[in-house]
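Report on the following structure.
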Amino acid sequence: MIIAGCDVGSLSAEAVIMRDGAIISSEIIRVRPRPEQSATDVMDKALEKAGLTYKNIEYCVSTGYGRERIPFADNNISEISCHGKGAQWLVPSVRTVIDVGGQDCKVIRVDENGKLVNFVMNDKCAAGTGRFLEFMAKVLDVGIEDLGPQGLSSLNSVAITNMCSIYAETEVLHYVYEGKNPADIAAGINRSMAERVNSLVKRVGVEEDICITGGVAKNTGVVKNLEETLQVSAQKLPVDPQSVGAIGACLFAKEELGNRDR
Amino acid sequence: MVRTPTLWEETSAMMGGVAALPEDVTALEELASNLPPDAAALLKGFTNPHYIKMSITGLKIFNTALTSVLERRAQGKKVAFYCFSFPRELLDAMDMAPVCTEAAGIIPVLALGCEQYIDAPVNAGLPDTICGGHKASVGMIIEQAEIMPDVIINAGPGSCDPNAKLHEWMAETWNVPLLNLDAPYYHDERSFQYYRREFRRMVERLEEITGQKVDYDRLREILENSNEQIELYWEIQELKKAKPYPLSNIYCVLVELMKYIWSGRPEAVEYFRIARDTAAELVRKGEGAFPNQRARTLWTYSGVYYDMELFRWLEEIGVAFVQDCFGWYPDKVIDTSTVDTMIDGLSDRTLNQPMTRQHKGAWDGPAGWAEDMIFLARELDIDACIYSGNLACKQTWGVLRLITERIRNELGIPTLRLETDILDKRITPVSVIKEQIEEFISTLE
Amino acid sequence: MVTREAEELTRLCETLSNPFIESWKKEGGKVVGYPCTYVPEEIIYAAGILPFRLRGTGCVGTSLADTWLVRTANCSFARSVLELALTGEYDFLDGVVFNNGCDHTRRAYENWKAQEKTPSFMHMLPVPHVLTEDGLQWYREEVATFQDHLQKSFGVEVKGKSLKEAIRVYNETRRLLKQLYELRTKKAPPITGAETLKIVIASASMPRDTYNQLLRELLKEISNREGISDYRARLMIVGSVNDDPALVELIEDTGGLVVADSLCFGARFFWDLDEGTGDTIDSITARYYYHISCPRMYGAYPQRLDFVKNMAKEAGVDGVILQAIKFCDLHGVENALLEKSLENEGIPTLKLEREYGPLADTGRFRTRVQAFLERLGR
């Protein structure tokens, strides 16, 4: 049985193909101007890698921001459910998924079957999303991928108190002008980020085990801060955290196929 | 399980250091420098040298009031949360432990910088558009840093939706009895009579719920103190008219806190007496409370409370915080001869408290916002108005343009419009507030 | 098949004024607007005037209203109504009567009143925030003042007989709409939530007698329809005012069917009949004072919770959507209470904050509703 999942977000698109319950191919690309393009491009690549064609796919589920516009999808399911499903399949003990993406942040509670139990989402405010880190990395004049390691080396994190990213930016600038150690500033940024995410987590509560997905999961500094604030260790995912949504979509494809065949 | 020490106990312990202080600016500044930044900023607002005696007295009252609530609670007295416009004198006379909902949150956050309590209610599902003061008081209970009340008195309906709704939320969520006092829309005899009947029903219910009766002899004593406060308050209002301005900017915010947390007690009377004496002396000498005064300001709603140092900073740049809406008490002396005159007097006074008085009805009605602000601006010879727009105050934001235009048209006075949270310092940094005020004041010259 | 006129009824929600109102006015009829379920319409009707419930229909931006009310603290519905007033869209009204429903509406009234050009009749009818006998008396007095002002302004006289007739007509509407809602409790409801809202809106946008007649016709047709059975879940909507069927359509597009509500442009508008006890003014006043309350009434949360639970049970609801317009603290705080109360009883809820107006954030909304349906396992 060959099934596929496709996640078209606002910054990246992922495709995952499974055969008989195992992942045989996956691909990530930066989004194209139109979701249909992104979906087709990424799925083309994933199919090529697996040596398959669209005809081989028995069922495909799409998810993400552009999910309703994917021509080859048989059905679409919210990225909330897909992230929850995918994460719990990868690490069966997971019950809370914290997805910190480029534009939004979600906290997802699932049961032992990866089924959605509850969720909360922040997609209006930059604070607590990858965008916040982007602003801050620019101010510090570092690559966004450096914020994590840099911050981890700090022994004396600065405090960033402002909730609004715009004022926080000014705060960071002041620290730069004052000549504060960039590692300490990076640590402050990571901590502020973790606090915002933690706020969202509290709205829906935590049940262990937890895992962190989305682009920001690659920022080790934020992850460590979040673990400290929540007093819980996050389970590591065996795959690129950005592909979790597409994996979940793939799993739903399997279920939908099962339902259809019944 | 509520943690020990509770947040108020912690705050009280910190304040204890203040209670031991001599009336000396250097001593206060030294204490401040040894405290964490939030507490230090709080204390810095009280460092006007002329008014050090008043300031220390005020700070000691914070400590006394907080300790009193803790003691009474430990003695098993019933804890009542009341909206700030409600007269604590009544609750005192019922031998209860009265806690002003708003002050309960504000004081610890100012002293200990506990922002997580502001966040807690939103994490518990409440909208983030409610008032910062309430967020703190509710948050500390949600986070089990404080103990729940036994009864809740909602004196807000009619004048402020978020205030009233929050009190209801507390009652429903914690399963605590709720007493509502509906403020009628108008300000005429019919309205006062309606409110008196509401008030009396509330007193009856309160006695039923708590099992405590009002001790009218005690109430008389307490009200005689309040009456003295009122007389002193009015004297000070007269003294305010002097030029240069003879009071420290911290006077206005302390007046409010005195009322909310300790009105009717001898220490509160003492506070007013010291303020009056100090001001009278300065006026006699033709001196101001601070040098190089440039502008007399009327704050048309609240002050900015999340950084008390701002009050002192304003003095340093020569700006007098002459009056704010929340510190405006057009109170009459209460006739203490009979039970009826006392209860009716309390009822009438409650309907006249800030926010209720100005905002239960039309913005331009009798005793409405426009009438009061224009009266005060004239009386106190104000140069400029400042509206420190707490984002949660939707009822004032909704008619801000109307009132600023009216004030400008009638008196030629401009209004600075600030956008900030009343208690959460993380929303608009105080540096931005200061910039805006400085720019505004310079345009007056 | 229904008459063209009955069909027209479901389109009245698309515009502010409409041909019914136009012909009413052409024949010399007067129209008075009102914003809220606490205004006693029968008084207006009995004076021979058409009561029109204020909406924000057709408002695409609030740039003018935002210079009076503010974008950063005031409700987008109140701002939209004010915008329409300021841009002349409400010029067809001969008057308005507001009440102090909430901070936003009462300030919208005050800003409207302060304009140079205003309707010749403007009245504020303050309603108590508590349900007491004293409050009822106060409300009674206010209604009398309102009636007096209305009569003098429009040169009409309201007699007891016309009030009795008004109650009869209004109760008729209430019965008919309750019948409509009853149909929605079926396993295969014959009508969507969006269409239901259109019908409810129409009740407050045209002469009531004609409305009743057309609704009777529509009801017959609707009850004979084949039911809708291909839905994923049965939903209920609770919360802030909504006069936009597009919002309900957005929800129903995901596959959920809205079969019940506790909304002021919904069940709360008409659920309680006038019991007709005592003097007509007294019974009208009692009905409006005690009707299923808005969160503005303090001390009445338990009754509102019961109402929601009963409606949910009657309609076999799978999940409840608790929505509030940003800055609406009355519903925002109430929804926080309802979320806990309902979830504790095993009723799944989805809490949403929204803006009133052209649905700019449809994507966000859809994702959440879709995820909610997925959570319901549908």
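By letter and in written order, the chains are A, B and C; residue numbering begins at 1 in each of them.
Note that in this section contacts are C-beta pairs under 8 Å (C-beta built on N, C-alpha and C of every residue); 3 or more make two chains touch, one makes a residue touch a chain.
On a predicted model such as this, the values are computed, not experimentally measured, just so you know.
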Seminar exercise, completed: Looking at Cα centroids only, farthest away from chain A lies chain B
Seminar exercise, completed: Note to self: most contacts are between B-C
Seminar exercise, completed: Distance between the CA centroids of chain A and chain C (whole Å) is 41
For this session: Could you put a whole-Å number on the gap between the CA centroids of chain A and chain B?
Result: 46
Problem set entry | Contacts with two or more other chains, residues of chain B listed in rising order | 124-125
Problem set entry | chain A residues touching chain B - in the complex, by the definition given at the top | 161-164, 167, 170-171, 199, 202-203
Exercise. Inside the complex, what are the residues of chain C that reach chain B?
Worked result: 67-70, 72-75, 100, 102-104, 106-108, 110-111, 114, 124, 126, 128-130, 132, 134-135, 138, 141, 295-296, 298-299, 301, 324, 326-327, 329-330, 332-337, 339-340, 351, 353
For this session: Please give the residue numbers of chain B that touch chain C in the complex, ascending.
Result: 124-127, 129-130, 154, 157-158, 160-162, 164-166, 168-169, 172-173, 178, 180, 182-186, 190, 194, 197-198, 201, 361-364, 389, 391-395, 397-402, 419
For this session: Within their complex, state which residues of chain B touch chain A.
Result: 115, 119-120, 122-125, 424-429, 432
For this session: Spell out the residues on chain C that touch chain A in their complex, using ranges where they run on.
Result: 363-364, 367-368, 370-371, 374-375, 377
